[in-house]
Each structure stands twice: as structure tokens, then as C-alpha cells.
Amino acid sequence: MTRPLIFLDPFPRTEAMVWDDATRAAVEEMGEVTAHFGSRAPDALVERILPEVSVIVGQTALPKERLDRAPNLRAVLNVKANWEPDLDYAEAHARGIWVLSAAPAMAPAVAEFALGQALSLLRGIHTADTRFRSGDMGIGIGGNAAARPLFGAEIGLLGYGNLGRALLPLLSPFGGRLRIHDPWLSDGYLRSQGAEPTDLGTLLAQSDVLFLLAGVTTENAGGLTRARLETIRPDAAVILASRAEIVEFDAFLSLAAEGRFRAAVDVFPEEPVPPDHPWRQIPNVLFSHHLAGGMEASYALIREMMLDDIAQVLKGLPPLRMQRAEPRLAGLMRSR
Amino acid sequence: MTRPLIFLDPFPRTEAMVWDDATRAAVEEMGEVTAHFGSRAPDALVERILPEVSVIVGQTALPKERLDRAPNLRAVLNVKANWEPDLDYAEAHARGIWVLSAAPAMAPAVAEFALGQALSLLRGIHTADTRFRSGDMGIGIGGNAAARPLFGAEIGLLGYGNLGRALLPLLSPFGGRLRIHDPWLSDGYLRSQGAEPTDLGTLLAQSDVLFLLAGVTTENAGGLTRARLETIRPDAAVILASRAEIVEFDAFLSLAAEGRFRAAVDVFPEEPVPPDHPWRQIPNVLFSHHLAGGMEASYALIREMMLDDIAQVLKGLPPLRMQRAEPRLAGLMRSR
Amino acid sequence: MTRPLIFLDPFPRTEAMVWDDATRAAVEEMGEVTAHFGSRAPDALVERILPEVSVIVGQTALPKERLDRAPNLRAVLNVKANWEPDLDYAEAHARGIWVLSAAPAMAPAVAEFALGQALSLLRGIHTADTRFRSGDMGIGIGGNAAARPLFGAEIGLLGYGNLGRALLPLLSPFGGRLRIHDPWLSDGYLRSQGAEPTDLGTLLAQSDVLFLLAGVTTENAGGLTRARLETIRPDAAVILASRAEIVEFDAFLSLAAEGRFRAAVDVFPEEPVPPDHPWRQIPNVLFSHHLAGGMEASYALIREMMLDDIAQVLKGLPPLRMQRAEPRLAGLMRSR
Amino acid sequence: MTRPLIFLDPFPRTEAMVWDDATRAAVEEMGEVTAHFGSRAPDALVERILPEVSVIVGQTALPKERLDRAPNLRAVLNVKANWEPDLDYAEAHARGIWVLSAAPAMAPAVAEFALGQALSLLRGIHTADTRFRSGDMGIGIGGNAAARPLFGAEIGLLGYGNLGRALLPLLSPFGGRLRIHDPWLSDGYLRSQGAEPTDLGTLLAQSDVLFLLAGVTTENAGGLTRARLETIRPDAAVILASRAEIVEFDAFLSLAAEGRFRAAVDVFPEEPVPPDHPWRQIPNVLFSHHLAGGMEASYALIREMMLDDIAQVLKGLPPLRMQRAEPRLAGLMRSR
């Protein structure tokens, strides 16, 4: 029996991110490996592997004409957290090819980061240090005029996908009311997850802490307009964690700057943000430069999930750890 | 039947902290109230209430000779989080007088603050903002060289009292190994709480995240000497949350400044810290000025617990929410 | 815009089970309804609805030639808990038609029943009543020679599908070691669920309480042979909850009758069991007549899940509550 | 330094229950041991040990005159689950002597038994076996007319002491509304435990599953009169788990016999119940003969808790595992 061919084309993921010695050894035990790092694999290489390949790890472009030439292909493991636009999802689905994304591997890191941002906004952890170093004498309750608790706070999640599912168990011990708005999910499903489904208006107006976790779709880009953002509960803590495009970004920053709400921002419409960009000087915002998900622990989890799911797929079993593309939804998601 | 006399002497707690309208109304329904705010109640006033008083709310000095003159006294509710030195604990215990502290009301606020500090130290949340504003171009994994996850981290708690019990459920969802060292608690008890009991040496050497939560006693003051602190796991995140006196403070700051470990410090040997004190300029420490516990939400919880326990005591039932003095231990705790 | 056609053909489910007034009203709001109860829908009726139908609720036979004539079909909601053999899963999948089963709606009922069986076996709850009525004088520890605790017991699950996922949270508070054997699931996945993956031999030999929850496949039918069953830990409590075919049934009963282990049996190779069948007199077994899942509460949950998922599908969104057929696995599952 | 004297007088607990080899070895390492088994220790022996004894394990009568002669006594560990009437609780308290009961060691066993009883009552697990053996042909929903789910049921606890605290985490995963009535506990405390405080009338009328867990006091004996019992929600499952004296016992059985509610009974006003007592033939009740707590696993836990707390007390630290007598309440509890 011939061994299955596994093709790696993970750019822009680097060799270091997805291909440490242990991973390489484990994959090589499962099949023959062809790999290309440092750039998108050249067309000639892709053409050469198509007739044999069983599993593709990476973001290789896979329009229908390529899928037609890959009769053994069982799975495509996108090691980024998105859905690439140049893959024919419907055709892959029709052929029974699993298309998978590594988004779940990023979720724990983003969830703990978002919780830390929320606690910093509510309790002033990041500003306390600056104040202390500047000689501020506010101490105890005298320094806590703006402090509010996470315990018992009303919490809102806009979007309940990988990030929301990772964040929910971290928030549960704080005991507050938990609402979710996600137009792709039924009320019954959200209740079965222990949350209260709600409409967008209520979510914005009633949350003390508001996590913006939705992906961008062709439908919701810019959906949180200035007018919507103005309905956010005054002084709420708002964490923009998923994609900048879901808010009217400059309006969001300007409302935060005015003190309308407290904001933490990890994602931007343009990344990297140029060093002298005016965003960098907006006051009253807790900034980070897309640091929530991309850490070594997340890549270790990508490697673990990838190994698990290659093994499942080669046994003819469904993958379990990475996220499966929903054929109708993948096309709606905007990528970059 | 005469109504019981309830005496309030909460200084340094202010009237606003413990005596809002709802609290006053609820207490006045339970008995006659005599109150003194703004300073320690004068001796003459104390002498006058002793023969009748059933419940004292506050830190009134209560040596044996005063207890001798208070035949109806059932409970003393210290609305601070400590054990006052000028109360005769053994005598109160012998007379069946409950002596209670409001420490449990502070614990949720301190626990969530400490979790936020830990996440900031591990994930660089507070430094990310400074770096972003300064034009730093590190983004994603390129900006996360020092980032480490809380998910899966080995966690150590030094001391497992009110703070530890409030913090444990917040840490559980992160799934890491959890060790506790507390010389006052048996191994069997710690295991029954879902934690792994351990000795101090292992705790310091094996924790990725180390929460210092012990109270100060006549036995452990300064117990974490420089030599001990040097055995902390390199690059661990260390949160000093309870009392500065449990560490050799200057050694602690200097090891943190050298990058030996990451540190968050909320408590100081001298408070308030003078505005120009050199501590305020130590690098590599996340400072706050005793902000972890003293917020409005904590005082609201004090009021709630106080009301609950006054009602219990006046019904002849044991108090449930505030912490009971352990007669042999209260004397060991250092107060201020 | 024309309203979608929803076709009901739920036999052997009755009208009462799936079509109460509230459900009917809700479905009729979502589309035009054609329904047939009391028998499998006649071919002529099926042929008539195929050209228009969007959603089929039931077990209508759907070979490729019928799917070819159903261009608008988006989903088939099997309201039984199995995968029907006369549906072309691969073709349905290729066409992007969701094929769903109501198995998850049965899982809570089965899980709580299985927990109750385990507690009865371990603690002798069902035998206590008989003994008491017969005048037995064993009381307290004098009557508990055979009693063993669930708290701290080593627990094994054979199979981790809908039943296992519903049962796990009920077992967690008992704090014992939890092992799972499921050849379709990777070790990494099982660990991510908080369980310890294990091989079949260890599972049988080391479990104090063993839940048999696997479905029957063409591969595992009769897999628990007498030889295998003899390796079960002596005096273990064994709950046969999913399908009788996964064990060598008469050997299983005979080992239980000999006291080799304690057994609870809810499923049989032949159902209903004839009234005078010798199985009914086997001693030392806690019998029930396929009562674990089929209760009114389960049908209420089927109706709720069905409504939720019809709504999702008609909005072009993925279903969330019912179970999706895995095209490669559905064919392996034996049905009846 | 002389080693402390530890005195064992555990009757009616037997030597086997409290004094296995490991326990004996561990206690002998902590001090000198004098032990008497098989009967209450003779007065002469008690008199002899009083002047030196540090710890008494058992139910030795300890009126004030004996306490006066026991200057070193630090703790009395009652290894039963009650409060003995012939101990002077107030005097022991005044002297700073811990008086402890082993009730918490019984709680896990009772809680899991009560959960099993509830599941049997709701789902008919114990009757299913009898029906099956008798040739009954009811299968699936056809045999489940009386079955009701625990998932989502409204649950009521009468009394929230050791039993309630052990039971609550077992019930939480079922997700139903949870109410508690306990006149000794404040509403705020019950809410802090995640339950809803309620009055007795609401508890009886609104619970689908009702756990009777209260101890008997001089105040509540017979408190659940026939009139009260008639207000129980029709067809509720009622588990009498703590003490028979809290209900009007014959009325309770007779209402259950009439089918007014479903009942499980483990405790009786007279124990052991004579073999031919008419109680033993009451229909529609799930009986057991005081089997809920007294099993080997409970005695193992008593030994573990006892060892832990002897060690704590001999170090001058508060006990942690056994229950402390509340001096005012212990006197209210009826014992036998």
C-alpha cells in the first residue's frame, strides 16, 4: 500500500510556526511529505503534487480546476484563522474534502487577553501604574473613583464563535448576567450554552462589559455605526477583539476619547499601523498591536490540532479539533 | 420586650461606606441605634452603651474590663478586613460573643484585580499600550516574544484564606496545575478544595504564576527573604496581593527590576507611599497604590454582609457571611 | 416570493410526538406544510412534493434518483435517533443538503437514566426496597456490605458521542478518574474534553463504573465478546445503555448472573422482549425495557431542536441543535 | 517535651470503623494513645485520662465537672454525625475546646444516595425491573407514561447543612431552578451559594423534586404536618433523607401510598424497623433501611477527617474537616 502524500504550503506561516521537529517526525510517520516554506508554493510544485496529494496543510489556491486534478485529496488544513477566498468551498464540500481552519487554536489566547483587557478597563490596572509612577496619592477607595467590578457585571458578547466559546467559561465564575447577540445562531442554541440571546439594541444598551467578537461578513462590515455606538451604555467597557471592520472605526475611537465608554482595541482597519499614525495618540483607549492571538502557545496548539486532524482524516474519520468550513458561510466571510 | 441596642463606631470607615440610607433603615428596623462617625467613639459614649449593647459595628477597643460591663453583647462586627489588637479575643470567645471581620467582602475585588494583574504580566497588556503609543512596530507574534499564556500555566498560591478562596474559581477554567502552600491548612483540606498541597520550596520553584496571598503573622513576617525569592522560577509572574511584610520588600523589587521575575505590587510596607519615594521609579514592576480591594462594590458587600449577620446574631443564630475570629489565630495576625 | 415547502413524514414517530399545536403553528409560519402521519408516506405523495420541497422532516427514503428530483431540498431532519439506511448520504452531502438526526434530543434523558442506574447498582437502591419489604434487618453499615461509592470511583466510558457528552457533566462532580475509549476520536480531542483517553483493555480492567455508550457499527458489532467481558474489573457496575449488539449479549447476562460484575440493561438484541423470554428472569441484573430515552421530555426537545434547525436552514444558516450526518460514518452505522 | 495524650472512646463506632492500621499508626505518631472499644469507656478510665488528655475521639460524656478536670483538653471529636446531649457545649466553648462532629464525612454518601433515589422516583428505575420481570410489554415511550426528567426540574431543598452542601453540586448540571428553605440561614447567604431562598409554602408547592434534609430541632419536630404535606406539588418526588421526625411520619406514608406524591424514605421514627412492622408494606414508597450514609467509604472519610483535625488541633490550629459545634445551636439539635 502506498503511503499518502501530505503537502505543506503554510506561507505566511513560517516553518518555525508549524513545523518543529516533533511535528515533522509525527507527520512523516503518517505519510510522504512535500513542503514549501517562505513563499506561496510555485504553481509547478502544486501541479506536481495534485494527482497524489491526500492532505494539504496551508493556503494553496484551490479553484475547481485544481480540485478536479486532485482525486485523492481528503482535507485542506488552513493554518491561518480565516477562510481564504481562492478556494472553491462548494466544490470541495461536494467532493467530501474537509476544509479546516486553525481559528480554534487562536481562541484561548484571544479569550484570556480579552479578559485581561476587560479587567484593566474596569479596574484601571494599566493606568494605576502610570499614576503611581507620576506621584499620584490616590490610595484605596480614594484612588478608585472610576473602578467597577467584573463580579456581577452585565456582560454582552457580540458574536459567539470560537472566541466566544473560549471566553464564556472564563466569565462564568464572575456570576453576572450574560447576554449574546449573534444573528447566525438561534435563541434555543444560545440558551443551551447557558447564555441569554438578545437583540443588538439591548446588548449595546445593557452591557457593563461588551466584547466585540464577531467576524466580518459581507453583511455586517461597518455595522456598528456611530449612531449604534452612541447607544452603548455610558461608561461601559468595550473590547474590540475580532476585526476592526465591524465598527465604524474612527467614530469608535472618537467616542472612547470623549469618555463615552472605555475601550480596548487590538485590531485595526490597516495593519501594521504606521508608526506615526494618529490612532496611536488617541487618549482613553487601551491599545495593543494585534497581540491577542499570535503567541507561541497558539502556534503550539495549531501544531497539536493539525497533527490530530491529519491523523483522523487519514483514518477516514472526521476531523475534531480544527474548524470546518460551512460551505454557505465561508463565502460570506471577508478575508485578508 | 425591649429592642436590642446596636452601636456603630466604624472609624476609619466613613459614614458613607457603611451607612447608606438602605442600610440605616434596615438596621433601625432591627433595633435601637447609637452611632458615632468621623473618629473613634469617645470613651464616655462607649461606657454609656456598654450595659445595654447587643451588637457593636466597628473597631471599638474591647479589653476584658469593657467586656465585663457588656452583659448583652452578642457580636462585634469589625468592618475592616483585619483583626484589631485591642480586643480580648479569648475573653470574647469565652463569653460566646462573635467577633467578625469584613475581610470576605474585600476578597472578590482583590481576586479579580489579582487575575487582571497576572494576565497583564503574562500577556504584556499594560506595556502594549505604552509600546503602541511610542510607535513600536512589533505586531502579532513579532510583538509577543515575552508573552506567555495563563491557559495551562502552573499556578501557585501562597496562603489560602479569603483571597485564595475567591481566586480559585477564577483560575480553574484555565486548566493548569494548581498548587497551594499554607502552613495553617492540612493537606487533606487543600485536596478537598481541588488543589495540590505543596511545600514552600516547590511552590516557588515550580510556579509560572505565583500569587502571594498570605496574611502577616508574628511568625512569617519577612519570611520570603532574598534567598528564598531567588529560588522563584525564572520569569514567573509574581503578584504581591496581601501584605508587603511577607516579603523582604526591597529585595523583591530589586529582583523584579533585574528581570529575575515579573512582578505586580499593590501593597507597601509604608502606605501611602510618599510621592517622591524611590519605589515609584523601580522598572519592570506593575504598580498600584493599594487599589485591589477598596472600591465601592466592596463596601456595598460589607454592608450586605453586615446586615445579614446582624440579623442572624439577633435571632440567636450563627453569623454566615463575615469571617469569625479564630481565638488562637487572631492574636497571631499583625494589624495596623 | 413563494413560501418554502416543508414536508412531514415522521413515521414511526406519531403525530403527537412531533406535531403539537405550538410546533405546527411555528412551522406553518415558516412555510407551506404537507404532512403524512401513521405510516410511511406513499410514493405518490413523495413524488408530488419532491420538485418543490425545501425541508423534509422524517425518514422518507431518499435514494439518489429522488434527490435528483428535489432541486430545492436543503435539509432532511430525521426525527429518530439513528441514520436510516435508505438515504444516499454521499449524494445529499455533495448537494449541500443537511442530513440531521434527533439523537442529541434523547441524550439528556439517557444520561440521567444511566446515572440513576449506576447509583442503583453501586448503592443497592433498587434492592434495598425489596429487602426492606421482605423484613430484612440489615441497617446502616450492617446492610451496606455491598455498597460502594460513586464519589471517587474510577469511571469508564466506552464511546463518546451524544450520550457521553450529556453524561460527562453529570459525573464530573463525583471527582473520580474519568477514562474514555472511542476509536473514532483522537487522544487530543478526548483530553480537550477533560477526560483521559485509554485503550479498551485498560478501560475494562480499571473501571469501577463502566458505561457502554457506543453505537453499533459494521466494525464493532459483538466486539465485547465473552473473553473481553471476562476482563472487566470484578464487581464493577456496568451499564449497557446504547445498543445491545455491542456485547455478546447472552455472555454478558450470564457473567452478570454469576456475580462477575453488576449490570444494568436497557437495550436488547430483540425488542420488544417477548413476555416469557428467559432474559426476563436472569438474576443480578437491573432491567428496564428500553426506557432510558423515550419519554415525553425527549420528544419536547426533539420538537424544540427541529423548530430551531428548520428556521436556521430556511435562513441559509447551518443547523445547530440536531446532529449532522458525517457522510463517511453514517454508512458504517447499523440501523433498525 | 511530653507527648500529648489522645483518648479513643468511639462506641457505638467499632474499632474497625475508626481504627484501622494506618489510622492507628498515624495517631500514634502524634501522641500517646489510650483506647477503649466495644462499650462506652468506664468512668474509672475516663477519670484517669482527664488530667492529661489533649484530644478525645468519641462520645465520652463531658459535663462541666469533667471538663473542669481536663485542663489540657483541646478538642473532642465526635465520630458520629450528631451532637451528643451529655456534653456541656457552652463550657467547652468557653474553654476554647473544639467540639467536632463527623457529620460532613457522611454527607457525600447521603447526597449520592439521595440523587439516586430522586432519579429512581422520577424515571421509575426501581419499578422498571419489577415490571420487566413480570412480563410487562410497555417499552420506550409506551412504558414511560409516569417518567419525568430531572433535567430542568424545579428542585427544592428543605435544610441546607452538610447534606445540602454535598448535594448541590450534584444537582447543578441538571440546570433546573433551585430553591432552598432554611430558617437558620439568611437569604443573602443562600444566594451566595447559587440558590434561591424561599419560604416553606413556596418550597412545598413549587418543587418537582423535594429533598428533606433538615435536622430535627426542638422547634421543628413534626413540623411537616399532614396539612403541610398536602400542599406538596402533586406527583412531586419527595426524598426523606435526614430525620424522620421532621415529618408527621404516618401521614407522610399515607399520602405517598395514595399517590399524592412519590416518596423515598431512608429514615424512620423507630430504628431498626421491626421485621413485621406495617410500614414495610406501604405501597408506592421507595424504602431503604437507613442505608444512605453508613458505608465503608464514609468511615474511611471519617478516619481521614479525624486524622487531619487531630493534627491541626495539636499544632494549635483550627480544625478544618469535621463540623464545629455552634454552641447555641448544638443544644437545639435532638440527638439519639
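Some points to look at:
First chain written, first letter: the chains are A, B, C and D, and each begins at residue 1.
By our rule, a residue touches a chain if its C-beta (ideal position, glycine included) is under 8 Å from a C-beta of that chain, and two chains touch if they have at least 3 such contacts.
All figures in this text were calculated on a predicted structure; none of them were measured in a lab.
Among the remaining chains, none touches subunit A as well as subunit B. Farthest chain from subunit A, judged by C-alpha centroids: D. Subunit B and subunit C have centres, each the mean of its CA atoms, that are 50 Å apart. Subunit C and subunit D have CA centres that are 37 Å apart. Of all residues in subunit D, none touches 2 or more other chains.
A complete list of chain pairs in contact reads A-B, A-C, B-D, C-D. Touching subunit C in their complex are the following residues of subunit D: 17, 108-109, 112-113, 115-117, 119-120, 123-126, 128-129, 131-133, 135-141, 143-144, 147-152, 169-170, 172-174, 271-273, 275-276, 280-281, 286-291, 293-297, 299. Listed in rising order, the residues of subunit D touching subunit B in the complex are 90, 93-96, 184-189, 192, 304-305, 307-309, 311-312, 316-318, 320-321, 326-329.
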